[in-house]
Structure formats: C-alpha cells, structure tokens
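Chains: A, B, C, D, E and F, in written order; residue numbering restarts at 1 for each.
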Amino acid sequence: MDDLIWIFISALLVNNFVLAYFLGLCPFLGVSGKLETSFRLGLATTFVLIVTAICSWFLNTYILPHAPYLRLISFIVVIASTVQFIEMAIKKLSPPLFKALGIFLPLITTNCAILGLAIFATNKGYGFTEGLVFALGAGAGFTLAMVLMAGIREETELSDVPALIQGTAMNLIIAGILSMAFMGFAGLFSSS
Amino acid sequence: MTRKDPNLLIQSAPMLRQGMTTPQAMRDVWLSLLPVTLAGIWFFGIGALLVLASTMAGALLTEWAFTSKEKRRDAISDNSALLTGLLLGLTLPPGLPMWMAFIGGSAAIGIGKVIWGGLGNNIFNPALVGRAFLLGTFPIAMTTWASADTPFWSISPSVLAMPFITPVYDAVSAATPLGLMKFEQQETGLLPLFIGNTGGTIGETSGLLLILGGIFLLLRRDFDWRIPAGIFLAAGVFSLILFLVDGDKYPGPLFTLLSGGMLIGAIYMATDPVTSPLTPRGAWIFGLGVGFLIVLIRVFGGFPEGVMYAILLMNAATPLIDRYTQPRIFGRGESTS
Amino acid sequence: MARKEQSSYEEFIKGLWRDNPVFVQVLGMCPMLAVTNTALNSLVMGLATLFVLMGSSFLVAGLKSLIPKQVRISLYIIIIATFVTIADYTILALLPAVHKELGAFIPLIVANCMILGRQEAFASRNGVKMAVIDAAGMSAGFMFALLALGGVREILGNGSLFNVPLFGADFEPWVIMILPPGGFITLGLLLLFFNWVTARKRAFMEQVAAAEKEML
Amino acid sequence: MSVLNALNLFKGTFSHGVHPDGHKEQTVDRPIQRVPFMQYYTMPLGQHIGVAAKPVVSVGQKVMRGQMIAEAGAFVSTCLHSPVTGTVRDIGPHRYLDGSFRPAIEIEADPYATQQIEPQPPVDWESLSMEAFIEQVQQAGIVGLGGAAFPAHVKYSIPEGQKITRLLVNGAECEPYLTNDHRLMMERPDVLLRGVEILMTKLGAERATIGVESNKPDAIEILRGRIDEGQPIDVVSLPVKYPQGAEKMLIKAVYGEEVPAGQLPRDIGVAVNNVGTLVALADWFDLGMPLIERVVTVSGPGAAYPANLIVPLGTPVREVLRFCGGLKEETREVIMGGPMMGTPISSLDVPVLKGSSGILAFTDEETARPKEYPCIRCGRCLEACPYFLNPSRYARLARSRQFDEMKAYQVMDCVECGSCTFACPSNIPIVQLIRTAKDTLRNRKGSAA
Amino acid sequence: MNFDFGNFLTAPAIMTGIGLFFGVILAVAARLFKVDEDPRIQKTEEMLPGTNCGACGEPGCAPFAELVVKGTIQPSKCTVASADMIDDIADFLGVDAGEQEKLVARLHCAGGQGQAFQIAEYRGFDSCRAAAVISGGGKGCSWGCLGLADCEVSCTFDVIHMDPNGLPVVDIEGCTACGDCVDACPRDLFEIVPESQRLFVQCNTPLEGDAAVTLCSVACDACGRCAADAAPGLIEMKDNLPVIDFDSGLTATETATKRCPTGAIQWLTGNQFQNGSQADEAKRYA
Amino acid sequence: MSMDQTQDIKEPGSTKLALSVAFAGLISGLAIISIYEATLPTITANKAEELRRAVFRVLPGVDKMQLLEYSDDKLIVNPDADRKAEIVYGGYDKQGQLVGYAIPHAGPGFQDTISVLYGYQPSRRKVVGMWILDSRETPGLGDKIYKDAEFVANFDDLSADPEIKTMKKGTKSAPNEIDAITGATISAKAVARIINEAHAVWKDRFPPPGNEPKLGGAE
C-alpha cells in the first residue's frame, strides 16, 4: 500500500513526467495555450496512459517473455492501434465526447509520454496494479503541469513579453521555473 | 474666437488621486526591512553586508542592462529591482560567496522579471526565483551556515572566494534550527528564534523585527493582510495536528511559525502583490496553500525548509486562483468567470 | 511531386538553420532535453537519430509507391521502430555505459515527432536521393541543437566537455544545469539567442534590400 | 482596506469606495446668488438622456422667458423652455459639452425685457390623474439634476404591477468641491419638502428618506427642524464616502438592499431623486416655473471668486466664469460636474446644461498627474470599486484589446465612478481604458463585425 | 553462445500476427465506425504531415485541417509541412479569391496638425477612441481625424502609417480592404472604395462656410462648386458635403476638383496626402 | 494525393491494408531478430560482467557466484530465478566455500528509486560491502552515495543489528553507525534504510553455517 502511494506521489509531483522526466513536451509546449484545451488534453492523456498501462502489462506477461526483443515495436504498434481503435469508436458512438477528448487522441499516441510510461513501467518491473497507479499518477501529473502552464501562458498573453522571447523560448523558461518549483517536492515521503 | 481662451487641458476623470504611488510602496517595504537587515549584519558580521551588496548590484545591473532604453529610467527608479536584490540577499546564507550572490541577483531579475516584461508582469516572485536558482545551482554553498555570533568585523573566507571557484568554508558552520530539527530531531528554543541569534539566512533569523516590519506594512496598507494570515493559520493548524499526533517527532506550531524563512516569507515574499492573487478570496486560498505546502515540505519532504518552494508553487497557481475567485459583483448573485 | 527542385545543397543546409527541427519546428523536444546533460550523451543520441532518420527516409522514399495511403502512418511507425530497435541493441552492445545513461530515451526516438514528420512531409514525396539528403540535413540540425545544449550544460554543470575537465579541480559546478530546470532554461536562452541572430540577419537583409532600392 | 469596510457595515453605508478630500470649504458658506442675464443663450436640443427635443420656434421669432421652445421628441424625452425673453437667432450645430457639435437653439436676450415670468396659478396637483401628472412633469422639462439628466417623468411612470413604497431623496453630494445641493437644502428646505410631499403623494410612497452625508450637519439640522411631527419623512446622516450618491450605493447605505444588476431602483419599490429635482418639481406646481435655471457650484483653485449661483440654462460657461471674476492665470482645466465624474470641456463656449452641477477650474497643481507605472496588481482598485468589479483586469485586457473578454467580466456594470483610478498607486487611467472598451463594444454591437 | 533458430520463426510470426490482427481490426473498425464529414477536411488532413505533433498549437492534424477548411487558420501555421505541401493545400482549398477589382481603404479627412486646429490639449491614453470619448480629444473639428493611430495599430497587414502631419496614410499597394481600420476608427473616417475611383472627398464636417473653415483650413465649406463643375447629377450636396454617385454611370473627371477653395475634394492617384497638405494646393486653385 | 487515390478512402481492400501491415511486421520481425541475435552474446556478456563486478565488490575475496532463490522457506540454487524479492547471489571462494550473500534491494531515495546491492556474511553477522546498482540522485550531492569512497567504505565492516544508524558526519561511534554525507543526508539515510529493510527480511532466511547451498549448477 505504502509504495503504491509513493508510486503515485512520485509520478504526480516528485518525478513529474513533464517537469522531471521530460516526457510529452511537444503537447506541453505546443497545446498549452488555452486553459480549457490543456485540461481536456490532460484528461485524454491520462486515459491513454491507463490504456497503455493495460496494454503493456498484457504484452509483458503474455507475449514478451517469449520475445523480449520485440518490446519496443510491439508496444508502439499495439498501443497506437488500440488507441486509434478507441478513437474511431468514440467518434462514432459519442460525438460530443469525441469533440471534448477524442480529437486529442492522435496527438497523444505519437508522443513519448505514452511510450515512456510503458517502458518505465517495464523497467521498474511494475505489476498490474502498480502499473495502473503509475499511469494515474503520471496522467494527473501531466494534467497538473499542463493546467498550470496554460494559466500562466494566458496571463503572459496580457503582458508585454519582449518580442524576441515570445513563443517557445518563453514557454521553455516558464517550464524551467516550474520544474525548479517542483524540485521542492524532491524526497517527498521518502525521507526518514 | 475659440482660440482666445486659455488653451485648456483635457484629461479623463477622475481628476483626483489618492497620492500613494508604486515607488512609495516599494520604498515602504524597503524601510520596513532596514531593521531586519541591520540585525542580520549585526549577527553575521559585515560579511553579510557584502553578500547583500552583491545581490543588489546583480539585480540592478541586470535590470539596467536588459530593459529597453526608454523603460530604463522608470525600471530603475521604481525601486523594485533594488527591493528584489535586498530580499534575495536576506534569504541567503551569510557565508555565501559574493560571486554566487551576484549571479543570484542577476538570475532573479533576468529570468525572474525582465524576461516577463518587467515590473508587474512576472508570475513568479523574482527574489525567490533567484534563490531557487542558487539553491539548485550551488546546493552545498546554499546549505552551509555561518553561526550567528560571528565577530562583527570578521568576514568568512568563503564570502571572498574567487568567481567560479569552490569556496572554502570556515570551520564553525552551525546547522540551522530547521536543519537540526530535521536531521538531528533537536528543537531550538523559542527565545533565540524570536531574537534571531541562530543560524540561518541573513534576514530570516530575527522574528521580532520581521513582525514589527510586517505591522508597519499592514498600517501602510502595502500588502494584503489575508496572505500572511492564511499562511500562519494553515501552517499553525497543520503543525499543531502533527504535534498532537507525535509530539517528540514533529515540531510544535510556535517553532514552525518562528523558524526558518517562515516569517520573512509570509510577510515579505508571499505578499509580493505582483505574484499573488488580486482577489480577496484568492488571497485567502493562496495563503492557506502556502502554509500547508511549507509544513508538508518541511516535515515530509527532502528539504529542511519549504517556504521558497511553497511560495513559488502557489505563484504558479496564482493565475488560476485569480481566474476562479472573481469577486461577486454588486447586485449579482454569482461571480463572473 | 516536389515543386521546385532545390539544389541538394540547399536541401541539406535548410535543416541546419532555416527549418531547424528544434529551433524552428519545435519538435523532438523530449530527447532534446532529456539526454543533453552531457555532450557525449548528446552525441550518441544525435548519431542514433541520424541513423534512424536516414534509414527510414531511405526506405520510405524507396517504397513510397507500394505504401497504401490509409495505413501509411502505421507502416512508417513500424519501419522507424525497427530501425530504433536496431540502434538500441547496437548501442547496448557497444556502449553499455552510455546506454545506461540514455536509459529509456533511445527507444523513445520512435516517438520523436521530427522523424515521423520528415517521412510524411518529405520522404514520401521525393526521390531517394533528396530524401536521404534532407534526412541528413535534418539530423544534422538536430545534432547541432543537441550538441549546443549538451555542451553548455556539461561545461557549466560539470566543468568539462566530453568528460575532459576544462577548468581544473576546484571549479564549482552549476548543479542545476544537469537537473531538469537547467535543461529547460538553457534551451530557452539558446532559442532566445537563435531568434536574436535571425532577427539581426533579417534586419541586415532589409538594409541591403533598401540599399538596392536606393541604387535603382 | 476591508477591515474598515467591516466597520462601515455597522455605520450603515455601502462597502468599498474611497475617501477623497472634500474641498467643500471653498463654497459651503457662499449663499446662492443669481447671475445677471447675458446676451446669448444656447439651448442644445439633446441635453438630456433620450430622444432630442423638437424645436417649436423659428429663427427670428420672439420668445418669452419660460416659454416652451422645443417639445419632447418622444416619451423618453422632454421639453425645453427659453431661459430668457429675447429673439431666436439660430437653430443649428453648436459646441456641446462633449466637444462635439449638437443642434441647439441660440437666443439673443432682449436687453430691455423685464425677464419676469408671468406668474401662473398653482396647479392643483392633488386632483391630477397620474397620467396628467406625468404629462405636466414632461411639460415642465424636468430632468434629474443629480447629473444623469434623466427625464423625471419617465422615472415616475411606474409599469403595471410595480409599486413605489419608498422615496429616497439624494442629498449625498459625495463629489468633492460641489456644494450646490448642500446650499439648496439649507436655503430652500420648505420647497424641497414640498416637492417631497408632492412626489410621495403622487407615487403613493409610504415613506420618504433624505440621505445626507454627515459633512453637512447644518443642512441635516435645518431639514429635521422643518419636518413637523408625524410627517413620514426622515433625514439620515450617512458617513462620508464616495460614491455615496450613486443611487444604488445610496440605497445600499440607507436601506441595506442591493438593487440587482441591470435593474432599476423601482424594481425594489424605491424612487431616487436628487434634491434639486424635487425643488424644480415644487417650483413648477406652485409657481408654474419650468426648468429654466439651476444651481451651479463654481469652485476650484482656478476660480477667482468661488460661488453658488442660480444660472439660467444655456448661459455659456465663459459668461458664468466672468461673473465670478474669470479664471486665474494658472488655470489649466475646466470641468463640468464633479472632479470624480465630471467632463473636462474643450471650449468655454459650452453652455450650462440641465445636468451641470458644477463648474470647476483646476490649475497645474491638480492637473499634474504622477508618472504612470505598470500595474503591480496591488488590488487597491478592487478594494475601491463599489461595484466589486475587477478594474485591474479591465485595464490589462483593454490594453491588449480583448474587449469581449472584458464583457465576460461584466465591464458593462461599471458606472465609471472613478474610485479605482483614484486609488491606483500606479496611476493607470483605468476609467479611461474602461470607457474606451465600452465605447468599442457598443459600436461593435452596432456594426456587423 | 546459445543461438536458437526458434527466434527466427517466433519473431516474424508474432509481428505478422500483431500486424494482421490490428490491420484487420482497424480496417473493420474503419468501415464499422465510418463517420461522414466534409470530405475536404478528410483530404486536407491527408495532405497534412499527420504527425500530430501539436506544434501548430492545435490538438492534432485533424482539428487543424478542420480549421484550415473553415478558413480560420492559415495552412502555413503547420511547422512541419514543407512549402509545397502548403501550396498544395492552398490550391486545393482555392484560398485565392479569384479575380475582382481591387478595393482599398480611403480616409475622409485631410485635417492634420497643420490644417485642423486643436482647441484644447489632450492628455491621456494614446488612442483615438480613448480621446474621442473625452471631449472629443480637444480637436476643433469633432468629425475629423484625431491622429492617435488606432487604425495604424488595428491594420492586420500593417499598411497604415501615420505621416508627419499626423494623418494615417494607407499604402494602397498592400491594403486588402479587410476593413479593420473601418471598425477601428471612432470617427468612421475610412471608407472601402475601388482603387479605380479617383474622385474622393477628404472631409467629414457637416458645418458650412466659415464655421467649417475656422476649424480646419482644408474643410469642405459646402460651396457646391464641385457639384456645379462635375457632370450634372454626378455630385450632389448632402448635409453640407458633396456626395459622388459612381453608380450614375456618369464619368467623374478631375475638373470637379479644380475650383475647390480648400482642396477638400481630391483627384487621388496612388496613396492619399502624397503631395503634402492640400491647403497649399487649395491656394493654387483659388 | 491525386483524385483517384482519395476516392477510395476506406472502400477497397481492407484485406489489402491488413496484409500490407502484416507484411511490414514480417520484415521488421526478421530485421529485429537478426540484430538481436547478433548482439545478444555481447549484451549478455556485458550484463553478466557488470553483475559479477558488483558482487565481487560487495563480497571481498569471492571467486565464484551463483543465483539463489528463496522458495518454500529454504534457499535453493536456481540459475534462472526471476522473482525479484526472493533472489540473492551466493558468493564462494576458490575452495567453493560460501563467503557470503550479495543481496539486491531497492527503495525510494531523494529523487527516485535507489537500487542497492550489499554483501552480507552470516558467519560474522556483518555487512561487508555496498554497491549502488542504479539511482537518479542529484549529481554532485546524492550521487556521493556511490562516488564518495569514504561513504561507501562505511559499509565494509558494518553491523546491521539491531539496525544501521545514520549519524551526522564524523560522529559515528558504534559498529552499527555510518557517517552521513553533508548536503546529502537524505540519500545517505535512504541507503541505510534500504539495507535495513532487506536485512529485516533476509537475516533469518540464511541457513546455518555448514548446510548452505553448495556451489554447483551456475557458471
């Protein structure tokens, strides 16, 4: 139980996927312009992460023992396809849900947060539950970072940031300061 | 015919002004910090003065160098850069090499302020950005503490270390009350904490003077009292609960409130108007959040002290807080947004 | 179906600056930041990327007639993933130490949007030669960015370059440079510098143009 | 600071608001005096809220003082009467308060006329039907003299199903410098009470309250003295705070009720009128004198001899000032109305209007503005805004032209009282930014874009 | 050195399996869950890189394509697509609006600092609208240009620039007649007109005679000479301003401007206000 | 993207598509397996070598090692055991006498999980060596737990009973105490805590001297 909590906290704050592990930066830097969008992207990502956790667990237990060398390729193919399948399904079955979350799915499948989760979960030898908790934490962490970033960026829209810095440079520096602040969580619940 | 009249002036109403100006607000903070500063120098010797000088120099030079020609005069004259430098200096260990302090100063203004578009546009508290940068960059130097009864005229060699060279620290390096608490489980008495003759950063030690300064600012209406109130409330209650759970493992509320960067942080840094919420309800949330995070990081985290990180984290959340705590408009049930 | 056949030189050079995948297209940020805490890691990552990109571009350009549109993305991914696996095992075999450092990020090359991007945006529409040249240019640009970042971070963060100490023993390392925040901030500042240079260049160009106007 | 606000709640006033210096001493003890008649008078047809009036006289025609020269153009409009006996010289564009040109009737006074209005028998208002009463008020050209210049009869025509239970008389006069309402209450209390009586009866209000700020003790004294036992009128003294006089604030202060945004006082059964309005009412029904003159405070450091004057409407500001010894050399700015909400005028040709409560002349000292600094988000403007709006945000949004966003933040609720700008330490022209935004929004609504 | 050939079978087997499995599933799904939308979106999306990197700031290629088709975003916003891909898309969607006569924005005012009198000094937020709401910014003519450049700021294509005389000059080369300036100007001084219309009235005051001219030396004093000189019926005076009826089929000629005492009506060739203030010319003609 | 291609958006040959993907899979499968087989020997060799080095470091005087698994409460030789929590490495000297056990264990550190390998000699009831297999601690601070020889030396002859105590630098006195690292107390404590955890589990699992698992099978 304890270490489940630690896995969650660690993925959420201490080793935040975006701010400490550098995963999923493309959407983090690209799509964090509007608060509302970022939040939905976060939710969608969390969802895909969970799917990923399940897929990778399945592969790890049933297929990869026979062919460890296929890990990477099977991960990416399986995850990508599964998500694409889900996307199609949602698009058909619940257009509103698709509008809200679905449109993000393609963007998410091809970013490293997903694959990263699969690989880290495997390296750390997480089982099913651990994997899920890890995915949840990572997703929540991603959403948190996204939302904070978006809030800040919407504010900087209103302020006269020097022209040269505007855009990605600024976003990176914001991200830097954010991750500096997140360093405060280092060692959380791990010491003494 | 018209032009025989005196050429009249046209300005938008209202024609009257309260009289308080932004530079004055900054100057107030400045004045209220003077006693604290002097105390710091008194306790840690003129070495401390050198550190403060370096941070302020770093801050001012950077502000001057990176603001456009036309903005320059105001940017310097509005006193805020100097204030940032001073506050940064006050949160540094007295034995910190001057060159590090200088880098801290320019980092504070550089990535903490000008990049954002100068005064009023930054999301994060510049001084603390500077401190976080230093703490991350030179962790050892930033956690090595001179003892409070340094002879006045002695300057510890580390202060004068050559740029980019690892400093040599003088033998007597005291652990801070928090350090002791966290790593040796021993609690410092409240009186020293109140007077300030303990290890720690230049400006954080003397509780008494900090509180006086806070009262001064409160009377001058220079900050939003809700923020410190919220911090003390949250930190006090949270630590009290822990204390009741396990008295000899966790420090009591009074120790929590008086030790480390708590006071200076709550009174001078969380209250930075620019980086804290505008709205009253927002201020409460902000304060409570900071207080909670401080205790969380201090007790369960890897660092002995969390004030800086707590404030920076809440700074990050400030735009969101502001957005969702819009005041209830007169004659409207709900609030906007 | 490329419109204007650019000279292969242009194709190559544009990846370095004008269309630099990192500074201009803002792609592949994750490996960019994650592995650049030392110059050596950057170099290896750069080479791996180069290998994967060139390999897959070559294949995609070669097979473009055979690849059905609807499943093209899946096929690209498979191709890329294959090359990545190859790179992964090779590095693991030859440089176990580095592999340990780069950790998960070799496999993550698959997810580097830049690579997929080039397949779709270029390889699938150009001849093999062009495709490979373009790939080379892009990876060179990526490598350039990696090394710039890695260099700065290692020099400040460790006082060395390619593990060669530069400043002697008592240099005080800037720990943060090796930590995540250092990565973000340094890249941000590099980008700032990049913008500045481009701006200066444009200004200069305009002056020239103006001057020419004067002439006529 | 909201500590203070907390206290204020007990003292019976609204929360937030600001405390500018009163500067009333210049004119409080100057009795109201009449300005002599001048040569030219300009009566803009649209000097009240609503549709402009329609001229009923022609160029060259002789008119008597008090004679109607323009009739109401619609229901939300009112009549104009000639302020003097004389000749209509011109009907065309003339410089108006806001710097633009507006159609106006120019009258040249007849130097030999006695300038008497032939006295009319008092109207038997009690027997009048409500319709007739409203008709009468419109005939008299009476508008709100509190500044809004909103046709009074419109305020009095209560839609079906609503009932006015309380009449609130606005004697707050929260604007600095102005003392015209103050003097009026002291010098013509009976007429005022008469007006109150008339209106109460006609509207069927059970009770009338006269709200006066505590910096006018003498006025309160006198009014209380004139109210005889059992009369359902009381005078409340309110703590001095701006903008006490804003009707919704006054209601909050006196009754402790909030008028819902977008609604009118009458929606909670209250009618608010300025003291001047009620005096005008009484004058019409007792003396048959329409609204052709009003009390104006001339004050400010730039005015040679500050005074309270009865000025015939249409008198050019230049003439009024000349009567008060003209402007001092160092005068830089002349304002119509109060210093917080008034309008600076670009030319002294502008005539005194029904809505002009004061003419203030300011010198360099008052007009010099401290340097503008960036907004430090100190929140003083929020603490000041009586409508609990977020002026700081407005200013930021306006600067980056996000007007629609401002709308989402209810910028339209802003009454431009100026408290925020008064309080801002960075001297940001918040109100001006807000006005600009509102103007843009209004026009945008108009245009297709 | 264990080298088993089993792997050489398993590996391809598994991969093929996976491939087949998902190939089929997706193919079926594609048919099952087929949603029909604007086919152009479909095609545009296919023309896009399909990397879904989000660098464009949109949540992916499909949404981006949707916006492109809607026309709310330029194809070039995609950082990954190569130049020719972008052209492809542009062509495919036929963004270029086809041939039609060029429209430009023209200013109905020539009263710069040199001509129109300022009767009071405005201090405050530098914006025409801001000044307009405060006693008309103190400009004598309350219909004229305030010269605080709201239009210059608003112009999306940055082709408006304030001249030394404080008047905005539209560079008609670049003007796309988007109408930003028309909305921006608090005094409604801009009109979108065909560039080919040379005859143009550069004044907006309803005043006549001295009343007008005392406020601005290039104001139209409503003398009506232009109306008289032009082909009868082409120009008529409406509230003290000449109104040119281009639909009347009558040809407008420069003669109409010849006797204008103030040069308020102009024969425009190229940008406005090229040849300095009209006042000087006016003298020439008078 | 000429017309004809976009006409047939999803209509024809779902089978064709599936097949093409499958085919791609086939090829890549082949490619991968070949590189795998090609590199496998070196990789396994490297891995083994690394582990070996680690074990030899924490168990001085060891010459051979083998993988031991703890199943139904006894220690058995099982070269390909993979139940993480249950395995140790037995280290043997030239005579094939058991020297001690190398015990891997992991736990949270300052930044992220630290995985430790420590040597234990049941005979002397002492920890005789410690090695960090993997950690993401801060360079320059946390990483002293393996970079700082002084700190590592703490574990060369350390009694783990009742439990290892972390003292402020230079104040260790008892045999079960270690010096912390200034500036990295947390990581230091973490290492001690991890060993304590593992020790608590294992100390009673080892068979009494004499009937330890014999060397054999492995290698």
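By our rule, a contact is a pair of C-beta atoms (placed from the backbone, for glycine too) under 8 Å apart; a residue touches a chain by one contact, two chains touch by 3 or more.
Computed from a prediction, not measured in an experiment: that's the story for all the values here.
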Fill in the blank from the handout: The chains touching both chain C and chain D are A, B, E
Completion exercise
With centres defined as the mean of Cα atoms, the chain at greatest distance from chain E is chain F
Practice task
Take the average of all CA coordinates in chain B, do the same for chain C, and state the distance between these two points in whole angstrom.
Solution key: 40
Completion exercise
Cα centre of chain A to Cα centre of chain D, whole Å, reads 61
Completion exercise
Separation of the C-alpha centres, chain D versus chain F, in whole Å, is 85
Completion exercise
Check: chain B positions touching at least 2 other chains come out as 1-2, 8-12, 111, 118, 120-121, 133, 136, 139, 302
Exercise for the section: Two or more other chains in contact with one residue: find those residues in chain E. Expected result: 7, 10-11, 14-15, 18-19, 22-23, 26, 30, 34, 46, 51-53, 55, 119-120, 123-125, 130, 134-135, 137-138
Fill in the blank from the handout: Touching two or more other chains in chain F are residues 1, 6, 9-10, 17, 20-21, 24-25, 28-29, 32-33, 36, 110, 138, 140-141, 186
Completion exercise
Pairs of chains in contact here are A-B, A-C, A-D, A-E, A-F, B-C, B-D, B-E, B-F, C-E, C-F, D-E, E-F
Practice task
Would you pull the chain B residues touching chain A in the complex into a rising list?
Solution key: 111-112, 114-118, 120-121, 123-124, 129, 132-133, 136, 293, 296-297, 300-303, 306, 308-310, 312-313, 315-317, 319-320, 323
Handout entry: For the chain F and chain A complex, residues of the former touching the latter
Key = 25, 28-29, 32-33, 36, 84, 108-113, 186, 189-190
Exercise for the section: State the interface residues of chain A toward chain C in the complex, per the touch definition above. Expected result: 19-26, 29-30, 69, 71-73, 76-77, 80-81, 110-112, 114-116, 119-120, 123, 164-165, 168-173, 175-177, 179-180, 183
Practice task
Spell out the part of chain B that touches chain C in their complex, as residue ranges.
Solution key: 111, 133, 136-139, 141, 164-167
Practice task
Enumerate the contact residues on chain F facing chain E in the complex.
Solution key: 1, 6, 9-10, 14-15, 17-26, 28-30, 32-34, 36-37, 41
